[in-house]
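To keep things clear, I will list the structure first and then write my remarks on it.
Chain IDs A, B and C follow the sequence of writing; residue 1 opens each chain.
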C-alpha cells in the first residue's frame, strides 16, 4: 500500500486554530439534511412538477368546464329533432351547414347559431349532443367512483380494523364477488332493471324518468365494483394497525369508529384517491359498453358511448359522427389514466422505482 | 403434488363451484323478478309456449321447488326453447355460436400474448429509449378506448378509408379484423405488464448473479429473465378472459359474425329471456373454468407460491 | 504486478434527485492468495466498489473514473465480451442473500453447470460431474441428489455453499464475497467462513471480503480497508486496525462491538445517522458525527496519511497531533 503516497505532514504550515474543536452548532450546519416536508406536500410537489399529469389535469378541467358550463348558454339542446316544432334544422347537416329554413332566416337578416358539428339522423344538433354526452359520461364516471369509494372504504376499513373472524367472513364474501363474471352479471342486472323500471311497479317513478339504465349502472357498481377498493383499503388498514400511533390512540381509550375516522382513513387517503381516479374510466367504459347493447342511457339522452354506438350506421357516409365522440372518450380516459398513474408515482415513489 | 398444493387446488375448485352456483342463483332470481319475464306469469306469449315453459320449469310449484327443477335442468344444459325463435332449443343456438366465438377468442388471446410479450420485452430492454417511449405511448392510447369504439375505428380505417381488409366475419380472411380489434386492448395491457415485470426481474439478485457468472446480456434475458417475468402475466389471464368474452359481444355484432356474442346481444334486444339465461350461465361457466385453470397453472409455473 | 489493482475508482448513481457518489477515488491492490477485508456500514460504498470491479452495476449506476487492472489488463471501459470472459472465470462473486441470488426456476445443478459450460470446454455430462464435485467440495451431503433440487428446497447455509461452489467452479483467482454471512445464523456463519478459509488455502484464492461486521474480518484478513461515505478512511493490517485505529470512525466501530476482553466496558454506539449521500459535507464526511471534530474537519477533506508500515488513515486529528509534537 505504500505506493499510495500519503501526504507528509511536516510540510504542513498552517494556523493551529483550525484544530480547535468544532461546536455542535457548526457540526449541525455541516450535516445538511434535506428539509422535511409532510408526505402529502411532498407528493403534491412531485405531482406539480410532472408535466404529463399537469397537462392531463388541464385537459380534464377544460373538458369538464365545457361539459358543465356551456349547455345553459348553448342555443341548441340535445333532444329537439327536425320533426319537433322548436327546431329549424334538418337531418344530416354537415358541420356549419344550414337548413333551408335557417338559410331563409339568415337571408332575412336574422342570426342563426351555426351547427358546429352538423346534425344527426334526426336533425338534432350534434355539438349539443356531444357536449351533453360528455356531461353524462363524466357524471356516470364520477358518481360510480363515489359509490365505489363509499362502499369499498367503509367495508375495507371495518374488515381490516376488526380483523379476526369478522375479517375472514367479510373477505370470503369479497372473494366470491370478485370471482363472479362481473360483466355478465352487469348485463343481466341491467336487462332486469330496465324491465323493472319500464314494465314493473316503478314505471313512471322519478327514477324511471331520470333514466332506469343510469340508475341500474349505479346499482351494479354499488353491488359489484367496490370489492377491489375494499381489498385495497383493508390491506392498508392492516398495515397501519400495527403502527404506534394507532396503538397510542387505543391505549388512550379512543373508540373504534373514532380511530377508523381519525387515523385510518386519512392515512389511506392517497391510495383511495388514486384508485378512485382510475375507477372513473372503468365506469365510463362500462356505460359505453352497455350503451352499445342498448342498455345504456335512455333515449334521447346521449352519452359518449351511445353517440359512438349510434354512429355505427353512418360509418361510410359520416365517419366524423364516430370520430368526435371517440376522440372525446379517448381524451377523457387517457387523461384520467395518465393522471392516475402520475398521482401513484408522485405519492408512492417506491412503486415508481419498482416500475422503472 | 404436495398436500399443501392439493389443499390449495381444492379450495380454488370450491370457490369456482360456489361462483357458478351463485351465478345460477342470480340468474334464477333475476328471471323471476323481471316483470315481463315468462318465468314471472308471462303475459304476451302464445298459450303453447307458456304451457311448455310451465311444464319444463314447474312454474306452478312453490319457488324453492322451482329452483331445484331449474337447477336440475341447467346442470343438464337444458335451458328450454328460445322464446324469440319458436321451437328452437337454446342449447342448439349456443352450440352453433360456440365454435365461432371460441375460435375468435382463442386467436385474439394468442395474438395478444405473443405480440404483447414480444413488444414488452423489447421495451424493457431498450428502457427509456425511443422504441420504449413509442411503445408506451401507443399502448397507453390503446387502453384508453372502449372495445367497440376501437373496433369501429378499425372497421372505418381498413374497411372504408383504406379498404384493404374484409369487413364481414363470414368473408374470406374476414376474421382478421375481428381478431385484431379484439386483441388490441389485451395486447397493449400484456405489453405494459411484460415491460414492468421484465424490469422488475432485471433488478433481481439472481440476474446480478448471472452477470457475475459471466453470462452475456441476451443469454441472461432469454434464460434467466423471461421465464420469471412471464409468471405475473398469468395473473392477467382472468381479466383478459373477461375482456375477450365481453369484447366478443361487440366485435361479433360489428363484424356480423354468428357467434355467442351476437346471439346474446340479439336476445337482449328481443327480450328472449331463456336465451339470456342460457348464455349467461354458459359463459360464466366458461370464464370460471378458464380462471380456475390459470390459477392452477400459476402455482405450477411459480414454484415459490405460498399456498395460503 | 499485483493480481488486482484498483486506482482512483469512482462510481456514481444518476438518480432523478441528483448524482450520488457512491464510490469516490478508491484505490487498493490485491496480491495472489491474499485476503483483504472491506469494512463499513451500509451505504459506505463497499458493495458498489465490488460491483464496479465486476462491472455489474445496475441502472442508473455508472463508473465515472479510475481504473481496475486484473493482471495488468485494464477492465474499465473494456468490451462486454472481455469482462464477461473474466467474470465467473477469473474473478467470481458471491452475494449476501443466497435465496434471491439463485434463480428460483432452475435447479441448483443447472445453475452450477451454466458457468462451467460457459468458461470451460467441458461437455454437458462432464459439467454435471464437475457440479457434483464442487458441491462435495463445499461440504454438501448427497450432492447427486442436491443438483436436481431447486434453491427453495435448500436451507440458507446450504444455498450459500451452493453459491460458493458456483463461484469456484471455474477455479478463479479472485473471490469477491459481498456480506457472505450476514443473512445466516451465527453458527452457520462460522461454518461458511471456515469453509472459505479452507478453500482459499486449497485453491490459492485471493479474497475480497466485504462486510459490516468487524468480527468477521478479524480472523480472516491480511489487510483491512475501512470505508465511509464512498471513501477509504483507514487501511492497515488487522492488528493496526484493531489495536491502533487512527481514524475516529474506526475507533467508533470498535467501541460499538462487544468483546470478551472488555466485557465490563460499556458499548458506545456511534451517534447520529449515516450521511445523506446526496448532500455530502464539504469536509470529512464523518465530521458531523465525530466527537472530536475540529473546525478544519468541517471544511477540508483529509487525505490519507501514513501512520506507519502499510497503515494509512485520513483524519485531521493525526495531523493535529503531529503538528503539536512538531511545535514542542
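Annotations for the structure displayed:
The definition used in the following text is that a residue touches a chain if its C-beta (ideal position, glycine included) is under 8 Å from a C-beta of that chain, and two chains touch if they have at least 3 such contacts.
Since this is a predicted model, take the numbers as computed values, not measurements.
Taking the mean Cα position of each chain as its centre, C sits at the greatest distance from subunit A.
Inter-chain contacts peak for the pair A-B.
Each chain gets one centre point, the mean of its Cα atoms, and the points for subunit B and subunit C are 52 Å apart. If each chain is reduced to the centroid of its CA atoms, subunit A and subunit B end up 25 Å from each other. One finds 50 Å separating the Cα centroids of subunit A and subunit C. Each of the following residues of subunit B touches two or more other chains: 127. For subunit A, the set of residues touching two or more other chains reads 356. Shared contact sites, meaning residues of subunit C that touch two or more other chains, fall at 59. Those residues of subunit B that touch subunit C in the shared complex are 127, 202-206, 208-217, 223-224, 227-228, 303-304.
Subunit B contributes residues 15-16, 18-19, 22-23, 26-27, 30, 33-37, 127, 140-141, 143-149, 152-153, 155-156, 160-161, 196, 199-200, 242, 245-246, 249-250, 253-254, 264-265, 268-269, 271, 276, 280, 283-284, 287-288, 291 to its touches with subunit A in the complex. Subunit A contributes residues 175-176, 179-185, 187-189, 191-192, 195-196, 199-201, 281, 284-285, 288-289, 292-295, 305, 308-309, 311-312, 315-316, 319, 322-323, 325-326, 329-330, 333-334, 337-338, 354-356 to its touches with subunit B in the complex. The touching residues of subunit C, counted against subunit A in their complex, run 27-29, 59, 223, 235, 272, 275-276, 278-279, 281-283, 287-290, 292-300, 303-306, 309-310, 312, 316, 318-320, 322-323, 326-327. Against subunit C, the residues of subunit A that register as touching in their complex are 1-4, 6-10, 12, 14, 16-22, 26-28, 30-34, 356.
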